[in-house]
Each structure stands twice: as C-alpha cells, then as structure tokens.
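Shared between the two complexes below is chain A, which has chain B as its partner in the first and chain C in the second.
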Partner chain A sequence: MSTLIDFHSVDKSFYKGKESVKAVIGANLTVKKGSVVGLVGESGSGKSTLGKMLIGLEMPSEGSIQYAGAPLWKNKKFIRPRPGEIQSVFQDPQSSLDPRMRVKEIILEPLFALGTRERKEKGSRERLTSLMKRVGLKAEHLDRYPHEFSGGQRQRIAIARALITDPSFIVLDEPTSALDVSVQAQVLNLLKELKNERNLTYLFISHNMSVIRYMCDVIAVMYKGRIVESGPARKLFESPRHPYTKILLSSLPSIFEKKGPALSFAPPAEVDSGEEACGFFERCPFRMEACLKAPAFESITEEHGVACHLEG
Partner chain B sequence: MVLEMKDLCVDFTGMRGKVRALRNVSLSIEKGEVLGVVGESGSGKSVTALSILGLLGSNATISNGEISYLGQNLLRLGPKEMQSLRGKKIGMVFQEPMTALHPTMKVGSQLAEVIKRHRGLSKKQAHKLAVEALKEVHIHDPELVAKKYPFELSGGMRQRIVIALAMSAPPDLLIADEPTTALDVTIQKEILQLIKELNDKRGTSVLLITHDLGVVSSVCDRVMVMYAGEVVEEGKTEEVLNAPSHPYTEALLHALPDLADPEEPLKAIPGEVPDLQNRPAGCAFASRCPKAMDICGVSVPALEPVSKNRSAACWLRRDTY
Partner chain C sequence: METPLQTETSQPKPITSVRPFWYKLKQNQMTWVGLGILGVIVLCSLIAPILTPYNPTQVDISSKFLAPSLHHWFGTDEVGRDILTRILYGARISLGVGITVIIMASVIGILIGTISGYFGGVIDVTIMRIMDMVMAFPTLILAMALAAALGPSLQNAMLAIAIVKIPVYVRLARGESLVLREKLFVKSAQSFGINPWRIIGKHIVPNSVSPVIIQATLDVGDAILMIATLGFLGLGAQPPTPEWGAMISIGWKYLLDYWWYPTFPGLLLFLSAGSLNLIGDGIRDILDPKAGR
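The block that comes next holds the complex of A and B.
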C-alpha cells in the first residue's frame, strides 16, 4: 500500500494574547492508501485538531503534511488537491446540517466547488437517488428538511454529502458518538462497506476504544497533544506499551471480561515536572527520574512505535 | 424496600396530542442496592427518574400507578413536601456537572449552603463539613478546591463535587442520570468506582440511568432494560448480560462492537425505535425483532417472571416458568 498522508513533526499552537497552548506537538503519522487510521485520546488531546489540519480548517504552526506526495499547506495556504478529494463527517449531525436547506440541497452543496460540467455529471438525478439508496435512505427523502429525520438518518445524510464528490479520503470525527448503540452498529457497517466498495481511506477519530478496535487497521493514541503510541490495531490491543494506552484499555467498562491487571492514574506528582518532562509525567504510575526529560518516539517494530523511557 | 414504583404511566401533552412516555413501569430498589436502567434515547429512562423526583414538567400527567419511597406515597405529596425530600432524602446527579453547579459561587460555599440547609448547622460548622465531604469524594487538597469556582476544575472534579453535594444530606437513595456520559473513559471509571464505594460504605441505594451496558456491568446489582417506554427485561446484571431473555436485550448486546470480529459486519438492529406518537399495536419491538411471531403484532406481552430472579415481557418466554 502506498502512502497517502504523511504528517512530519507537525505542531499546532493556539494563541490568546501572549499566552499560547500547544494542541499538537511533534506529530508524525503515516496514513496508507486504503487503510483506516484511528485516533484515540481524551478530550483536549488534539485528535480533532489533527483532523482539522487535513481539511483546511486549522493551519499547522510547524512541520509539514503531505497528501499524495504534495504538501497540503504552503505559505499559510491550504492547497486543495482536487475539489472534493478530501471530505469530512462530524459528530453531531444536528449542527452539521443546515436546518433551512432541504436534504437535496445539502447533499449537492459540495459540488459547487467543482466545474460546471463535472457538477452536472456528479449531481445527476440518477446518481443522487442511487447514492441515497446506498446510504440507506429513500429518494422521497430528498425534499425534506433535516429536522424530519432521526439521528441515525441525519448521519446518513452527512455521509451522502461527503460521498457526492467521489472523495478518496474522509476524516470521520466521532461519527457515531451521538448515536444509540443499535443505530451506531448500522452506521459503522455502512462506513465499512463504503470503504471497501469505493476504496476509501479514513482517518477515524473517536474516544470509544471498542469502536476504534472494530473499525481501524492502525491506531494512534494521543495524550496532551503528543502521539504517545501508534501501531497496528490488533498489536496495540494485545500488547499495549505506553502506560497511558494500558490505562485506557483497562478503563473500558466492557461487558466482557478484561485481560490484564487493572491500572489507574497515579496521584498527581509532588515535584514540579517542568517543561522538559514527558507529558504523562503528572499521572503516570511508572514515572521515574528519567521521565523529567521527554522521551522520543521510537519504533519497537516496523509499524509499532511508542514514546516512553520504559521501552528504551 | 427503599423505593417501589408500580404500573406507572406518564403522558405528555404536546402540539401533536398526547404521547405515552411510560407504560406500566414497575421497579423496586432494596436498601443498599444499585439498580441500573438501560435503554436507548426515548426509551423512558430519564422520565422514570424525573417522575420519582417530582420534576416532570407541567405538560406531563401521571395517569396511573404509584411510587412509594420508604413507605410514603410520593404522588400524594405537595410541591413543598417534595421540595424538602429532594436533595435531602433523595440525592440527584445529572449528566452535565457544569450546569448542575452554580457558576459564580465557590465550590466550598455551595456545599456548605446545602449542608447548612439540610442539617441546620452554623456557617462555620457547615464549611468544615463541606471540606470533609470533598475529602470523601477523593479530592486532593480539599481546602484549596473548596475555594475554587466550578470553571477552574476539570469535568471529573466537577462531577465529584456534584456527587459530594448529592450525598451531603445524606440521602437514602441516589438517582444518577448518565453521570459519566460527558466524561472520558478513564475518568468515567474513577467516578463509577466512587459511586460504588459510597454505596458500599454508607448503604445508599442507587438508581443508575445509562445507555451503556458496560457501565451497568461494572456497578449494578440488578438491571432493568427499557424500550419505547416499557420495561422489557429485568433481573440480576450478570444473568441478564450473560443470557438475555428478551430479544431486544440480546440484539443490543450483539450490536456492541466490544467483542465483534473486525472482519465480520456488526449485528445491527434493523430499523429504528418506533415513534411513540404512532406506537404499533402489540409489542413495540416486534417490527425489529428477528423472532417475532403473529401474536407479537397484535397483543402487548406483560412483564412476567421467566425464572427465579428474572422477568421479561416477551411472548416467547410466556409459560416457560
């Protein structure tokens, strides 16, 4: 599989007056074509910021992001590979669909980025109805408004809107977090089928480990802006290496038996860790003196890497 | 028995007419027991909690049933009597801790005010107890946190404070409506442990409302599964999750991605929860049920015992016990 996206030491800082917050720090991540890469981490860990840099909503402060070999950001400008090449689906279909537009208008809107001929071609009646059917909606739904649909149906509309331009890459930011379990399963199945049918590549952002495990080939775990561990999904679940990944897995309120001993956060550190320290120092149950200097991200195997002194 | 609800029916009147949100819901909680209520959105979980607390809006009417709390019929109480019961005898914890706390009042003062009111203490004594209460919910450095405003604290800390508030009276029953839904998994685990610990230590009964079967399995003694305003199954948590009696419980468990093989499609439940306005005749789950029979579309099955500790509302389970 060839590389589609390559993050190279990407930083993102947000400023407010003289203060600044680093939302993403030194992110390195590769997304292979046709794969599903999952981003997990607690709220505020930088998952969504990373995703937003791919769709042009946030500009990286440092580092480079390559898409299919070409840089996505150049001189503070977002270089769109091809209109509609990259699409996104967000968490809350209530707020990501314009309440005053009919479903048909919503789905066709991304086509305005395209040339007239292509727009006509891609927005044809047959194409629209077959897309509606494909995502599990009916042709007569096209003239309705978003409020007439349930949460699951609205998310199907958002998926149809993302697919109308024939993208090759979609950022899915918590696409099922607002849905009920029974509906979540339907939407996850749909996303998986569409990926296989259309040879799509996904960046799947979620805080739900079970969903991530089910959907993704590769997982990257984020903590306070840093990718602390990344690797093949199965590897990460079977033998997590970073203490934070371990805690995350043992916190899952699974209905099934858990493997391995329960692990929790340590009480806050007494010593002031300073700026140099590992981001997880404050709460790591295994912290030691060496951790006052942040560990580098290092590979354990070709695909599996971790940023922790314990794995040195 | 701390709480007993019998055949409760709740109707809401809206622009499109009357909707029955709860249909003959019965439940009971023993002293020191944790009862979980699970279901999808619109299944009636929260309405169940609100009707116990007497917090249903003016557009709701309780058309049938009774609720008794420590032998007292709650539906006969006036608004003033309910007011003195809420918070003092029945503690409440809701999903969003930021909206449950006063934004411009220091955490310690909020707690002290509640303690003062419920226990009739002086300001100084109340403040001392407030710091104690913070310690009890495992807040490091309670003196310092007592001087902070809610916005200065993390979501997990806020929820701990809400729990401290709810437990300060102290109540005999704690109603927790999705207490961890807004929190990260790692924090969720800590909060659930805290609720369980307070339940063990003080013998407080807990009614825990959640949409997450994982949460149920980690803290609840018994579980009640709701669908479209009805209880479809009820029993010991372990038994219900390991061998569900109702097809809906079974389908819900299979729809979880927790143990699913990534190579296989998830076993999604087809269709959607029925619109309560146009509730189908017969069993509400029939149209989505893989085991539906002719009778299911015609007649509503009652919730009846199917084994020693278990009840289910399903025609398939009739006469098996």
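The block that comes next holds the complex of A and C.
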C-alpha cells in the first residue's frame, strides 16, 4: 500500500493577543492508501485540528502535509489536489446541513467547485438517485429539507454529499458521536461498506474507543496536541505501550474478565513540571524523574511507535 | 472482533403538512387588523377612478373649501379639489414610495452587510466605519440635507431616505453573517472549495433574511412618515402631486378654519403607518421562534 497522506512534524498554534495555545505539536502520521486511520484523544487534544488541516480549514503553523506526494499547504495557501478529491463528514449533521436548502441542493453542492461539464456529468439524476439509495435514503427525499429527517438520516445525507464528487479520501470528524447507539452502528456499517466498494481511505476522528476498534486499521492516540502512540489497531489494543493508551483501554467496558485492577489517572503531580516535561507528566501513574524531559517518539516495531521513557 | 452489527434501514419519518407560517398567522389577530386596514386602503387607491368622479389635480375654484358633505366626503381644498380623491390617488404614491424605498434600502443593506460580515478584516472595518458615519446623524436631518442637496423632487427624497435607512440593514445582516460564517455548513462549503460569492448567495443571505424582513416591514411605516415629512417641508413630491405629506403641509395652515383639509390625510397616514407596524410585529412573532407564544 502506498502512502497517501504524510504529516511531517506538524505544529499548530492558536493566538489570542499575546497568549498562544499549541493545539498540535510535532505530529508525524502517515495514512496509507485504502486504510482507515483512527485518531483518538480527549476533547482539546488536537485531533479535529489535524483533520481540518486536510480540508483547508486550518493552516499548519509549522511542518508539512503531503497528499499523494504533493504538499497540501504552500505559502500559507491551501492547494486543493483535485476539487472533491478530499471530502469530509462532520460530527453534527444538524449544523453541517444548511436548514434553508433542499436535500438535493445540499448533496449537489460540492460539485460547484468543479468545472461545468464535470458538474453536469456527476450531478445527473440517475447518479443522484442511486447515491441516495446507496446511503439508505429514498429518491423522494431529495425535495425535502434537513429538519424533516432524523439524526441518522441527516448523517446519511452528509455522507451522500461527501461521495458525490467521487473522493478518494474522506475525513470523518466524529461522524457518529451525535447519534444514538443503534443508529451509530448502522452508519458505521454503511461507512465500512462504502469504503470497500469505492476503495476509499478514511481518517476517522473519534473519542470513542469501541467505535475506533470497529472501524480502524491503524490508530494514533493524541494527548495535549502530541501523538503519544501510534500503531496497527490490533497491536495497540493487545499491547498498549503508553500509559495514556493503557488507561484509555482499561476504561473500556469489556464482556471478558478484567486482567487486573483498572488503571487510572494519578493525582496531579506535586513537582512543578515546567515546559520541558512530558505532556502526560501531570496525570501519569508511572511518572519518574526522567519524565521531566519530554520523551522522543520512538519506533518499537516498524509500524508501532510510542513517546514514553518507559519504552525504548 | 468484527461481528456484524445490527443493520436495518431507517424508517423515513412521515412529514406533517402543517404550514406553520399560516397557522401562526391565523392566531395573530392584531396582524389581521393591520392587514385588513392596509388592504382596504390599497384596494381603494387601486380602484380610485371607479370610486370617485373627480380628478385629483383638476382645479375648480368655485367649489373651494367646501365642508365634508355627501358630494365631497372629506371636503375640498383651497383650489376646489376633492380631498378624498387626492387621498386615494396619494395612497399610490405614499405607500408605493414607502415600500420601494425600504426594498431598495434592505436589498442594498443585506448585500453590503453580508459581504462585510463574511469577509471581515479591512473590508469589514471600512464598511462599518462608513455606516457609523451615516448613523451618527439623526436620520431625518440627514435625509433632509441629502434631499435638499440633490434638489427637491420625489425621486431625490426617495433616494435620500433609502441612503439613511441602509446602515440599519447593514448592521443587521452583518451581525447575522458573523454568526453564520462560523456555522458548520458554511465551513463545510468552504472545505469543498466553493467560491465565496456563491457561499454568500446560497448560505449567508438566505439564512440572514428573516430579521431583515421583520425590520423592513416595521420600517415601511417609518419611510412613509419620512417621505411625508420631506413632503411637508417641501423637499418631496411637488405640487400638484397628491402626496399625503405635501397635502398636510399645505393644509395645516387652514386647520383652524377648515379642519378637514389636513385632518383626513393625517388620519390616513396614521392608519397606514399603524397597520404596517401591526403587520411587522406579526411577522416578527411568526419568523422568530424565540418570541413565539
């Protein structure tokens, strides 16, 4: 599998007056063609920011992002590969669909970034109806407004909108976290089927470990803007290396017997950690003196890597 | 690990065919009063040639200052013209001008406002400072100054009122688009790579239009009053055009001796401005879900 997306030491800082917040720090991540890469982390960990950089909504402060060998951001400008090549589905289908547009207009909207001829071709009635059927909606829904649909149906509309341009890569930013559990499963299955049918590549952003396990081949765990561990999903779930990943996994409800006492966050450290320290120092149950200096991200195997002094 | 999860196509929700707009309108009695009064005025002015045998500009000195009677319901003026006839024909001008002015001001205002709010930055600051300058003057004084500078005519008075009304709509539309541009559907349109003008036209304008409509309805009455004021000051419609403001302007001098001359045009002005306000209030209640009862 060839590399489709390559984040190379990407930083993102937000400024407000003199204060700045680092949302993403030194992120390295590769997405292989045809795979589903999951980004996990608590809110504010920078996972959505990373996704937004791919669709041109946030500009990286430092570092480079390559898409199929070409840089996505050049001189503070977003270079769109092919219009409609990269698409996105957002968390909240309530606000990601314009309440004053009919479903038909909503789905056809991304085509307006394309040339007239291509737009006519891709926006044909047959294509539209077959797409609607594929995502589990009916052709007569095309003339309705978003408020006439349930949350799950709205997310299906958002998926149809993402697919209309025949993308090869889709950023899924918590696509199911606003839905209730039974609908979540349906939407996840739909996304999985579509991926196989159309040979898509996903970046799947979520805070829900079970959803990530169900969907992803590769997982990257983010904490306070840093990718603390990344590796194949199976490996990560079987033998997590970073204490934060361990805590995340031990908090998952399991139908199997627990192997040991549940791991949890440590009380805040009494030592003042300072700028240099590992991002997880404050809450790490295994913190030690060495952690006052941030660990480098090191590979354990070819695909599995972790940023922790306990390893390496 | 990968047990197939439950799959079941979701059931389409049956949609209800209740038209909330008409439903709410039916409940709002004051709006109906307003619509009724305005409707009668508009209808009468449209069929004025059938309703009255007189010509609004025909001078007949022999029958000047006749008190209200069966022949002249609202009396006659200083050159013997029937006041009812002049009021009916004048409604076309006063109402037409009021509505036209507000349409002009709100369309221009919503365009400038959405552009200003959506693009932000230097464009926004420049536009808003210009609007602040316009708003710094009392509207009527500015309209008078503009109308006087442009020369006294109905067109110039309309233009002057439209110009002083624009900033209100700019601020409204800008405020809306500041909120809208952070909405996810606008963000996703941006992520598709859609032309910003198309985003403004398709997302920003349609979603910021309802507060503008409310403001516009409430403003029509005000615009009619302003055009009448300018007419009263001699800056609007010129004689012998039957415009309400101009009629009041000439008639008030005769108020003590011939009370009917300024009273009836004033009454009509009051009725139409009042009914437009009632309609405006009603539309606000209907379009604003938070004000719903």
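The rule we apply is simple: the second predicted complex is superposed on the first by the 303 of 312 C-alpha atoms of A that agree within 3 Å, B and C clash if a C-alpha of one lies under 4 Å from a C-alpha of the other, contacts with A are read in each partner's own complex, and residues count from 1 in each chain.
As a working rule, contacts are C-beta pairs under 8 Å (C-beta built on N, C-alpha and C of every residue); 3 or more make two chains touch, one makes a residue touch a chain.
Being a predicted model, the structure only gives us computed values, none of them experimental.
Asks: Pick one for A:214: touches chain B only (first), chain C only (second), both, or neither.
Replies: In the superposed model, A:214 contacts both chain B and chain C.
Asks: Quick check for you: in the superposed arrangement, does A:141 touch first (chain B), second (chain C), both or neither?
Replies: Touch partner of A:141: chain C, not chain B.
Asks: Just to be sure I read the superposition right, which of the two partners does A:95 touch: chain B = first, chain C = second, or both, or neither?
Replies: A:95 contacts chain C only, not chain B.
Asks: Is A:124 touching anything from chain B or chain C once the two structures are fitted on A? First, second, both or neither.
Replies: neither
Asks: Once the shared chain is lined up, is A:186 touching chain B (first), chain C (second), both, or neither of them?
Replies: After superposing on A, A:186 lies in contact with both chain B and chain C.
Asks: Is A:199 touching the first partner chain B, the second partner chain C, both, or neither of them?
Replies: Neither partner.
Asks: According to the stated criteria, A:239 is in contact with first (chain B), second (chain C), both, or neither; which is it?
Replies: Neither partner.
Asks: Go through the superposed model and pick first if A:55 touches only chain B, second if only chain C, both, or neither.
Replies: second
Asks: Between chain B (first) and chain C (second), which, if any, makes contact with A:9: first, second, both or neither?
Replies: neither
Asks: In the superposed view, which residues of chain A touch chain B and also chain C?
Replies: 150, 152-153, 182-183, 185-186, 188-189, 213-214.
Asks: Which residues of chain C touch chain A once you look at their complex with the stated criterion?
Replies: My answer: residues 1-2, 4-10, 12-13, 15, 183-185, 187-195, 198, 202-203, 206-207.
Asks: Would you pull the chain A residues touching chain C in the complex into a rising list?
Replies: Within the complex, chain A touches chain C at residues 55-57, 80, 83-84, 87-88, 90, 92, 95-101, 105, 109-110, 112-113, 136-138, 141, 144, 148-150, 152-153, 156, 165, 182-183, 185-186, 188-189, 213-214.
Asks: Please name which positions on chain A make contact with chain B in the complex.
Replies: 42-43, 150-153, 180-186, 188-189, 192-193, 207-211, 213-215, 233, 247-248, 251-256, 264-265, 267-268
Asks: Going by the contact rule set out above, which residues of chain B touch chain A in the complex?
Replies: 40-41, 140, 155, 184-190, 192, 211-218, 241, 251-253, 255-260, 262, 265-270, 272-273
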